[in-house]
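Look at the two complexes coming up: chain A is in both, with chain B in one and chain C in the other.
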Partner chain A sequence: MYVLRRLPSLLATLFAVSLLTFLMTSLLPGDPALQILGAENATPEAIAAVRADLGLDDPLPVRYLHWIGDALTGDFGRSYRTNEPVSEAIIDRLPVTAEIGILAIIIALLVAIPVGMLSAYRAGTRTDKLISSTSFGLLAVPNFMVAIFLILIFAVWLGVLPATGWVNFTDNPVQNLRSALLPALSLAIAEMAVYTRLLRTDMIGTLQQDFVTMARVKGVSNRRILFRHALRPSSFSLMTVAGVQVGAIIGGSVVIETLFALPGVGRLLLEAVLVRDLLMVQGVALVIAVSYVVVNFTVDILYSYLDPRISHGRSAARV
Partner chain B sequence: MRVHRRPMRGPWKRALASVGLVGLLLGTAACGGGGDDGNGDVEAGAQSETVEAGDPVEGGEITVGLEAETNSWLPGEGTFNQPGVNVAYALYDPLMHRTEDGAVEPYLAESMEPNADLSEWTLKLRPDVQFHDGTPLNAQALKTIFDEYLTRPGSNVAASVADVTSLDVVDDLTVVYRLKETNAAFPDNLVAAAGWPFSPTAAAAAGPDAGANPVGTGPFKFVSWQRDSRLELEKNENYWQEGLPHLDKITFRPIPDEDTRLSSLQSGDIDVMQSLRQSTVIKARELDGVTNFEHLGSNSGGSTMNVSRPPFDDVRVRQALAHAMDQEALIEVLGGAGVTPLQTQFFSPDSPYYSEKLEESYPEHNVEKAQELYDEYINDPDRSDGKPVGSPISFTFTCPPDPSLNELSQLYQAFFNVLGAEVELEQKEQAAWIQDMLARDYDMGCTRVGADRDPYIVFSQAFTEGPLNMTAFQSPEIDEQLEILRTTTDVEERKAAVEAIGEVLNENVPNTYSGGTLTVMAARDVVRNLDGWVFPDDTKGNGAASAQVMWGHVWTTE
Partner chain C sequence: MSTPVPNLGAPHPGATSELAVSDGLIAETTEVAAAPGKKKKRGYGLTFWMATVWLVVVLICAVFANLLPVRDPLTPDVINKLALPGEAGLLGTDGLGRDTLARLVHGARVSVTISVTAVAIGMVVGGFLGIISGFFRGKTETILMTIINIILAFPALVLLLVLLAFVGRSLVVISLIVGFLSIPIYTRVARATTLAVAEREFVRASRTMGAKNSRVLAREILPNVVLPVAAFGLVAMGVVIVLEGTLAFLGLSVQQPAPTWGGMIFDGKRYLNEAPHVVLIPSIAMFLTVLSLNLVGDALRTRFDVRGSNL
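== the complex of A and B ==
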C-alpha cells in the first residue's frame, strides 16, 4: 500500500528532524544553567551542580539518546525554566495554535476559492486586474502590520472584538471564537492572496482544456462548469501549497501569538529559545516538525481523491 | 513618584498613537520601541498632578496587563522581574519593604533588630498570621523555607542569602539570621523573593509543581493559572491586615507586545497596564481617562567597558569615549526624548541615594576634550594596546539584537569614529552576551547599569572581586566606602559613601549611562490608590516604584 511504502522515508525524515533539532539547540551559545540561576547566583559551584543535575555535562550522543529514548515513550522531560512537563505544556498549547491555524486556512480558502475562480473566469478584465493587484498588495503587508490594523479597527474603534487574550473553547465557545478571530484573520490575509493567485493560474489553464469547451458546447451553465468540472482539476497547486504553507502559518504564529498574547505553541517556543530552555525547544520543534510532515503526507494522499487517475501506483511514485 | 494625566487632543491621534502607527507612519522602527514618536510637544519631566484617591471602595475586580509571564511563583525558582513582583505583592507579603524615604522597614515582619555589630538580625513575626492553606506563619516555617528552598542547589536567590550562615528559631515567632560578617544592608534582601514567605506544607505537597500552585500570606489567594494567558486571584478573607484588601478579584494577563498591551487598555480589555518602555510611557500619557503612575528607575541604559583589556585599561581611553557620547542623542534613539533625563550615576533622581554633585562630575559631551584624551593615548609610546604610536585604537562593540539597540550601537560607533577609533559592531543574543560579560570576554558593549536596591548590594556586586564585576574595575577608594555601607545603618553616612563611590566612577568611567528607566503603571481613572500603600503602622510606602504595586491597597470605583 502507498502509505506503508512511504513510511520508511517518513520515519527517516522524523529522525533527521529530531537530530537536527537536538544539535541546533545544544550548540546554541548561552548556558542554560546560567539562565536558571541568574547571573548573581551563578557561582562556579552552583553552575556545576545545575549542569550535573540536568545532565548537560554528558557527551552529546549520550544526551541525544537519552532524550529521544524518553521522547519515544512520550516523556519529553521537564522544562528547565518552569519545571512543568514539556509534553503537558505542548498539549495545553497546541489546541490554541491549531485552532488559529485551521481557522486561518478556512477563512483564506473561503475567500480565495470564489475570488480566484472569478479572476480566472474574467481573466484579463478589469475585475481580474483589481483582484490581482489587491492580492499582491496583501502579500506585501507583513502580518504584524495587519494585526495592528485589525486591532485598531475592531477592538479600539468599533469595540466589537477583544484586542488581546484567549478564552478556552471549553470555558466559553462564543468567547473562544471571538478571541480567535482577529489572530486567524491576521494569518489568513497573506494566505488568501497566495491561494487566489494559484487558483487563478491553474484555472485559466483548465478552462482552456477540451472537456470544458465540450461542456460549453453541450450548453452546461457557467456556474456548473466552474464548480463541478473545473475546480477539482485546478486545485492541485492550491492543495500542495496549502500544505506547504502550514509551515508559514506556524512561523507566523510566533509573531501573532505574541502580539495577541495567546498561550500558543509559537509563543512557548519563542520564550523557550530566549532563555535556553533546551528540552522545551526540542520538544516543541519536534512536535511542529511532525505536524508539518504529517500534514504534507495527508496532502499527498488527498491527491488521489482529487484525481482518481493518480492511484499512487507505479506511475505516481515516479513523479 | 510622578502622576501624570493629560487631556487628549483628537481621537484620531489618540487611536493612532496607541497602536504605534504614528511611529510606523513616520518610518521609524516598527517593533522594539525605538524612535521618536512624533510627539514633539511632550514636555520634559512629568507634570505633577495629584489624582485624589478618595475613600476606599470595597469589592469589584480588575485586570492588569503585564509585560511578561513569570516562569514560576515559587521564591527560589521563579525569576521575579517587575511583572512577577507585581503578582508576588498580591500573593505574598514581603517581610520587609521600602518606605517613601528609602529606608527598609518591617512589613509582614513585626520587627527586625540587629545586634551591636550588625552581624545578627533578629526578626519577630506577627502573631496569628496564616498562609492561605491555614498553615501558621511561624519561626519554623521561615526556617524550613530557608533550609529547604532558598539555599538548595539551583536556587536563584542563593546570592541574597549567601551571607547567612544559619537561620535559627528563637521562639515560636522569632528567628535570628546569623551572618558571616557585619552587613548593614541585610534587611534589603528580604524585600525581594528571599523575604516572601510561602506555605512550606503546601510547597512540599505540590513537589515539582509548587511553582504553579502558590500559597502565600498575601491579600489575594491563588485561583487558577493558564501560563502566558491569565492568572486569577481572589480576595483573602482571612488577611492579617484589617480592612484589606479592597478588591474581590484580580486577574493578571501577560501581554508581551507594547502596542497591543496599550490597545487592550484602550479597548477596556484590561484596567491597568505596566510598561518599562519610554515610548509607551509617552503614548500612555496621551490616553483619555487614564492616569499614569510613573517612576524613574535607577536601572539605566548604558555601555560597559572591560578594563582588564587594552585599550580600556587606560583611563584616558575610557574618559575619551565617555566625552565623545551625546547622551541626549542616545536617549532619543531609545524613544525617551523629552521625558527621560540624562543619567549620571547609579541612582536616579527618584532614588534617595541620588546626588546632585555627581550630576556635575560625570563626563559631559565634549568632542574636543575627547579628542585630546584620545590623541594623548594613541601618541603615547607606552600605550597599553602595544600598537605603533599614532595608529587608531580598535575594538568590538557588542549589543543584543533588537531594532532600537541596533540603532543605538550605530550611534555609539559614529561617536567613536569621530575620534578616529576603529569600531566593529557585533550582535549577540542576550543569553550569550551575558555569559561573555560574566567571563569578561568582550571589549565594550550595551548593558544596563544600576538597580533600585541597597547601594551596598549594588556596588559590592559591581566593583569587587566577585563574578558580577563585568567591567573588572576595582579601586581601594571604593572598597573603603563599601566598608562604610556595610557597617553603618546611618542614612546620611551611607548617602555620603554612595556619593564618594559615584565620584570614583565618574572619574574612572568603567561604564557610561544613557538615561534612567522610566516605568509606568497606567490605570483607568476608576482604579485608585496604586501608589498610596502604607505600612501596618501607617508609614508611607515607596508608592508604585519601578511599576510595582501593592495590590492589597488598591480599589476600584466601578
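== the complex of A and C ==
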C-alpha cells in the first residue's frame, strides 16, 4: 500500500527535521544559563550549577536524545524566561493560527476554483486576460501590504471590522469570526492568485483532452463538463501546491499575527526568538516543521487516491 | 450552445512560475505551453520594457544614492512632518519630516544589496549542486536531494527568524543568511532543468561523438541551464525584497534609522489614519519592483524554456 511504502521516508524526514531544529538552536551562540540568571546573579558557580541542572554540559547526542525523548511525550521543557511549560504555550496558541490558516485556505479555494475555471473556459478572451493579469499583479503584493490596506479600508475608513485583537470561539463565535476575517483574508489573497493561475493552466490542458471532446459530442452540458469531468483531473497540482503553500501560510502567520496582535503560534515564535528563549524556539519550530511535513505527506497520500493513473513507483525513465 | 474553445495561442507568460519548486510538475505544465498552434512571438511587448526601465531606475537609485540630488534621508524636519507629495519634497515626508523620496532612493540600496547578494549565492551554489545531481544522478543525487528536502521541510521564514535572532542582523548577515537559505530552491530548479536537458538529442549526439562528462557539462548542459535558472533568479529577487519588508515588520531587518522600504511601510503604519500616503508611496515602490521582476523573469523564462515547441 502506498501509505505504508511512504511511511519510512516520513519517519526519516521527521527525525531529520527534529535533528536540524535541535542543532540549529543548540549550536548557535548565547548561554541559556546566563539568561536564566540574569547578568547580576551570574557568578561562575551559579552558571555552572544551572548548566548542570539543564544538562547543558552533556555531549550533544545525549542532549538531543533527552530533548527528543521528552518531546515525544509532549514535554518540551519550560521557557527560560517565563518558566511557562513550552507545550502549554503552544497548545494555547495553536488554535488561533490553525483557525486563521484554514480559513485563509478555504477563502482562497472558494475564490480560486470558480475564477480559475472561468478563466480557463474563456481562455484567450478579455475575461481571461483580466483574471490572469489581476492574479499576476496580486502575486507581487506582500501579505503585510494586503493587511495594512485591509485595515485601512475595513477598520479605519468603514469601521466594520476590528483592526487588532482576538476573541475566542468559545466566548463568542460571531466576534471570533469577525476578528479572524481580516487576518485570514490577508493570508488568502496571495494564495488565491497562486491557485487561480495554477488551476487555469491545468484546466486548459484538460479541456483539450479527448474525453472532454467526447463528452461534448455526447451533448453533456458545459457546467457538467467543467465540474464533473474536468475539475478533478485538473486539480492535482493545485492540491500539491496547496500543501506546499501551507509553509507560506505558516510563515505569513508570523507577520499577520504580529500585525493584528493575535495570540497565535507565529507571534509566540517571534517573541521567543526576540528574547532568545531557546527551549521555546526549539519547541515551536519543531511543532511547525512537523505539522508542515505531515500536511504535505497527507496531501501526497490523498493525491495518489485521487489520481489512479499515478502508480508512484520509480522515478521517470533514465538515460 | 456555445462551445468553449480553449485558445492556447498565447499561454500566459510564466504559466509555470508557481511550479518551479516542484520538478515533477514542470513537465506537466510545459506540455500545455508547447501545445500545437503556438505562434512564437518575437517581441517582448510594452509591459516588459516598462518593467525593465523601472528596474533600471531602481538599480541606478541604489548604486548612485549618494550622488543623486536628493535630500538627506535621515534629517528630521518636524515642522513639515507628514507633508503630502508636493508640499515638502517631491513625495512628501514621513512622521518625523524626513524626505520620502530620499528615503526611497536610499532604501533601494538595501533592497538591491540584499536581493542581489542572496540571489547570487543561491544561484551559484544551488545551481552547481543542481546540475551535478541532475547530471550524475545516482547516490550523489539521492543524498543531496534528501538533505534539500529536509531543509525545505521548514517554512523558510521560520528558519530565517531562528537564524537571524541568534546570528545578528547587519546588511551582510541578512544577505548571507537569505542567500544560504535559498540554495535548496535553486538546486531543485537547476536539477529539474538539467534532467530535461540531459535527455535532449544534442546531448546524446555529443556523447556519441565521444565527449567526456566535463565537456558535455560545460558545453551542452550549462548553457541550457543557466538561462532558465537566471530567469527564476529574477522572480526570486522579488521574493527576497518582500522578505526584507517582512523582516522590517518584525523588527528584524537592518537596524533603524537606515531607511529600508519595509521599514518605511512599517513606520508609516502608525499614521494610517491621518496620512495614508506615508504607507502608500513605499508600498507602491515595492509593489512595482516586485511586479517588474516577476514580469521580466517570466517573460525570459517563457523564452528560454528548453522544452519549447520549436525543436
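Rule of thumb we're sticking to: the second predicted complex is superposed on the first by the 284 of 319 C-alpha atoms of A that agree within 3 Å, B and C clash if a C-alpha of one lies under 4 Å from a C-alpha of the other, contacts with A are read in each partner's own complex, and residues count from 1 in each chain.
Definition applied: a residue touches a chain if its C-beta (ideal position, glycine included) is under 8 Å from a C-beta of that chain, and two chains touch if they have at least 3 such contacts.
Given the structure is predicted, the values throughout are model-derived calculations rather than measurements.
Student: Figure out whether A:L274 sits in contact with chain B (first) or chain C (second), or with both, or with neither.
Tutor: both
Student: Based on the superposed arrangement, let me know which partner A:L259 touches: chain B (first), chain C (second), both, or neither?
Tutor: both
Student: Using the superposition described at the top, determine whether chain B or chain C touches more residues of chain A.
Tutor: C
Student: Is A:T164 in contact with chain B, with chain C, with both, or with neither (first, second, both, neither)?
Tutor: Touch status of A:T164: first partner only.
Student: Is A:D92 in contact with chain B, with chain C, with both, or with neither (first, second, both, neither)?
Tutor: Touch partner of A:D92: chain B, not chain C.
Student: Considering only the touch criterion stated at the top, classify A:G69 as touching first (chain B), second (chain C), both, or neither.
Tutor: A:G69 contacts neither chain B nor chain C.
Student: Please work out whether A:G55 is in contact with chain B alone, chain C alone, both, or neither, and reply first, second, both or neither.
Tutor: In the superposition, A:G55 contacts neither chain B nor chain C.
Student: Check whether A:V156 is in contact with chain B, with chain C, with both or with neither, and answer first, second, both or neither.
Tutor: Touch partners of A:V156: chain B and chain C.
Student: Taking the superposition as given, does A:P173 touch the first partner, chain B, the second, chain C, both, or neither?
Tutor: So A:P173 meets neither chain B nor chain C here.
Student: Can you give me the overlap between the chain B contact set and the chain C contact set on chain A?
Tutor: On chain A, the residues that contact chain B in one structure and chain C in the other are 28-30, 144-145, 148, 151-152, 156, 258-259, 274, 276.
Student: Under the definition above, what is the set of chain A residues touching chain B in their complex?
Tutor: Listed in rising order, the residues are 28-31, 34-43, 46, 49-50, 53, 78, 81-84, 89, 92-93, 144-145, 147-148, 151-152, 155-157, 159, 162-166, 168, 258-263, 267-268, 271, 274-276.
Student: Please give the residue numbers of chain A that touch chain C in the complex, ascending.
Tutor: Spelled out, the residues of chain A in touch with chain C are 13, 16-17, 20, 24-25, 28-30, 120-125, 132, 136-137, 139-142, 144-145, 148-149, 151-152, 156, 194, 197-198, 200-202, 204-205, 207-208, 216, 221-222, 237, 240-241, 244, 247-248, 250-252, 254-255, 258-259, 269-270, 273-274, 276, 281, 285, 288-289, 292-293, 296, 318-319.
Student: Which of the residues in chain C end up touching chain A in this complex?
Tutor: 1, 3-4, 6-12, 14-19, 21-22, 25, 28-29, 31-32, 35, 137, 146, 149-151, 153-159, 161-167, 198-199, 204, 238, 242, 245-246, 249-251, 265, 269, 272-273, 276, 279, 283, 286-287, 290-291, 294-295
Student: Which positions of chain B touch chain A when the two form their complex?
Tutor: It comes out as residues 15-16, 18-21, 24, 30-31, 65, 69, 71-72, 77, 79, 153-160, 208-209, 211-212, 226-230, 253-257, 259-261, 263-264, 266-269, 428-432, 434-435, 438, 461, 467-468.
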